[in-house]
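Shared chain: chain A. Partners: chain B in the first complex, chain C in the second.
For the complex of A and B:
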């Protein structure tokens, strides 16, 4: 890798980290114009920038607005680079169906997990909020998902998560999917009780969990 | 010391001596009407969300059934969102009223109607009438009216994730919308206080320090809350504030709001809050997870401890109680706080 290449990737990372969507777009185009590798630019530029933003989020220097804008800058660069990425280079072939369960419309946490999953290279099918249990199952089967991710902020709606697992079992498709759960009233104990495959208390840990469950734990 | 329930509440807010801290529940995002309470009340949900007599009746019944020493309306968190054009679902006794869809995906598309028009919409007048009925019927129970915080209202006019982003990318436009929501809240709060509300509880449940961070909280949330609190005081009311999550560095902003009371997240301790918010009455903070899933005896014990030395100025569940919270547990909380004082007074 040339110094010029390295410098350009670093500038791309900085643009994302410093929340500059326009600059990220310009630099991504420059990567292509100079004939550099698109996946390297994603990995060492865009994803590196979002990871730095995520680190500041963990350190409570960045908050939700900053993380969202960093993700926007990442997506803007990705839109330009993605058509030029050779698919075997990435983890872009794992699919997650995500949503907030029926009865609950709190979706900020779910959206953060979606963004972080996308950053990690998952193809995410977001069903939004107030999603009936059957809808998770139907979509997961239809898109051949690897993971079903369920979110709720409310104690009243927690039991909806168990219903998703029950439907998967009743329809004899339970072993096709990993089911993960998250949300402030939940616990590992709850996840075990309803027969989910995993629970994560924070967005970043949800991504680690998903990667581990689909055998991608060392992937970018 | 024989105090009426209103006197006890108001003295607790003013840091004047009391026989014991009151046990209250504001309503609004601090739901006081779980399923079992509604079933015993003679009222039904969602009907009571839209009818002044039923709203006041259910609030009053909830205080009688649970032992809470306050009444509060509205009973849900969707009045403002509906007025500002969000599509809402009023739910039922089991499922809380909630926002189904915000009307806009960006703040640039918002054209908010004038305040006078907003006051005529939805359930704004119903809530004022419910307060007036409570002022007539609630005897010595203090009356609390609930408002959603101005920036959280703005985040129910614009899809919340887009709005949180635009707090940074479009500070001017988001500030204009939040200021308009504040104008509406001030006009509405005046009517609620005039109708008999002793205190206004502001529930800033989306634009919290934990989500937006101290810088954005100070620039984009604090000015609107400050103006609202000042207007509540000018109208003769007391101002309470609830936000979910930790305060972190925003504690210094919250301390400058001139609040009468703060209702913290259940994870925060009275000791750290006393230091962070000097002079502000602390109202809290029995975990609603514990109330939902715990057993009566430990709940009563915790309530007694938090009502004792080094505890809270008033006890309350935080944040919103789940609709399937057992009544037995709520009773354990209200009785636990009251028993402590009786036991202690034997030793005095």
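For the complex of A and C:
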């Protein structure tokens, strides 16, 4: 990799991190114009940028708006680069089925986690919001998911998460999937009670949790 | 069994071993805030135990306590289990001196109550009429004694007014805290608790008993027998009405939040357990949706919202920021999940609007000045103080428009620089030696004010309007009453175009309930209006996330104040 290539990827990462969607678009085009590898630009530029934004989010330096705007910048760059990605070396082949449980339509938190999982290299199947418990199970089986990630903002809908675990057990497929839960009314105790495999209080921690549960890292 | 002695309240309670101190306090009927209902997640029931008490208790550790607090012997009541006899002091009654707003803008309507009396001299009996139909008979001439009750059932406070139905005059009024808050703080937690048969029974009994107690105090003072109250009007949000009427609130807790009780109904007071005349009625005003309730429709009535020409925005700023946009009589309404930050919850030094709460903050002259409720020594920060503080921090460049504490502290006046400190390794800004705002607190305010502003912007956008086209903005509710327009604009909760167009209408839910009590024809009219109101579900608006995200930012400061620090 040439210095010039490295410099351009770094600029791309900085553009995303500094929330400059327009610059990210221009730089992504520049990658193509100079004939550099699109996948490398995604990995070392776009994803790296969102990663840095995610770190600041975790430290409370960045907040929901910054992270979503960084993600917009990443997606804008990705739209240009994606048709030119030759290799299918996308991530490490671990799949997550994610969604907001039935009865709840608040999906900003779920979207943040989805973005961060994608950036971390997971293949994410987003079922959206107000998702019936059965649908999580069916999709997880169909796509051979490793992780089922459940989100809710409301105290009144959190019990739906337990139903997903119950259905997995009833269908005798519980041990095929790791179930992780998140959302502001939740706690570790709740997660333990419904028999989930893990709870993450914050978006960035959800990624660490997912990685740990699928055996990609040992971090606690 | 073990004895728990609450020294501060001089109350002793006997409980089984393994019961929590929170349970013990509840059994002693001591009022305490436990927003999470003992789940150990809110950290509000913090108390200090001495060594002897600690030895007689099993303390379950909580992440809500800092290292320093643990060292000093602080525990959470809800996660501390009783092993043997022990004694402790509770913090001074946090709810002492709580501000409750009883009044609001009134509408001038002729006297025409639902309840009337007719005396027939030949039989010497008095007929009781409800909506023109005779429902009961009393011996003698009781026509001079005809009373009604207007009640605003707020999730935090209850307000009741005793009205003479012969004159329309308010004879007496009073207020109390909604006791349901002891079991579940926010509306969603109450829906959850009320979704079980025992929970519904508990919440319903608690609120009705407290209203009965309030009625007792009002009639005793006015020297009127309870049985001369023939009707009560219950205004309140949709959930409060379900709970008061003992109707399962479960459907309100899930999309599409469909209410079972739609209002404009006359119920039997006896069946609800309300201690007024045996034949008495309870009128429940119409609701628009699961999250736009009778408190808002009552407010629509008392502010004549549907009769105003031009564009009017009606906003109740609170945990559920409900709002309605009226355009020459056409109404749209929505609600936003602002969360409990405005009530001082989930804020490091937050508290309710009670004695000692900082309610005003100013950063003029290069340093912090605070004013507390009752001019007492500051003990925490209530919602209005929080909003003031964050507005001033934004205006004076202490926080950036993104909400982050400034990286350029050197540009601030030295007195402000000196107010930064580290709490748990993260930056915090001190208003006093003890009271501070963390970065997380400012994020909570951003979420809350962003939600309300997003609601306003979505309603305007759906109507193709911009903020400048709004002719007037009405602020309802007791929280909004304590806010200044300056802070609301500085923080970005209102667009700057609202400057000079804002009116405070106070507790318009209460005054609307009174209007419905004394002017029965308004009932059918309001029911018709409520049916015509379009309920907007923000989460279904495609632009909501983008608008919400934009609304979380603070406006760029334009005031001269910034020149001090530039």
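The working rule: the second predicted complex is superposed on the first by the 204 of 220 C-alpha atoms of A that agree within 3 Å, B and C clash if a C-alpha of one lies under 4 Å from a C-alpha of the other, contacts with A are read in each partner's own complex, and residues count from 1 in each chain.
Keep this in mind: a residue touches a chain if its C-beta (ideal position, glycine included) is under 8 Å from a C-beta of that chain, and two chains touch if they have at least 3 such contacts.
For clarity, every value in this text was computed on a predicted model and none was experimentally measured.
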When chain B and chain C are modelled together on chain A, clash or fit: clash
Superposed model, chain A: greater residue contact from chain B or chain C: C
First, second, both or neither for A:80, with chain B first and chain C second: neither
Partner chain in contact with A:41 - chain B first, chain C second, else both or neither: neither
Partner chain in contact with A:189 - chain B first, chain C second, else both or neither: second
First (chain B), second (chain C), both or neither touched by A:130: both
Partner chain(s) touched by A:103 [first = chain B, second = chain C, both, neither]: both
Clash-bearing segment of chain C relative to chain B, given 80-88, 314-322 or 404-412: 314-322
Intersection of the chain A residues that touch chain B with those that touch chain C: 60, 62-66, 68-69, 103-105, 107-108, 111, 130, 154-156, 185
Touching residues on chain C, where the partner in the complex is chain A: 39-41, 186, 188-189, 191-192, 195, 250, 252-255, 337, 402-404, 426, 439-440, 443, 446-447, 537, 539-540, 545, 548-550, 552-553
Contacting residues of chain B [partner chain A, same complex]: 94-96, 98-100, 160-161, 164-165, 167-169, 206, 210-213, 216, 248, 288-289, 292-293, 322-324
Touching residues on chain A, where the partner in the complex is chain C: 60-66, 68-69, 102-108, 111, 129-130, 153-157, 185, 187, 189
Touching residues (chain side chain A, partner chain B) in the complex: 19, 60, 62-66, 68-69, 72, 103-105, 107-108, 111, 130, 154-156, 185
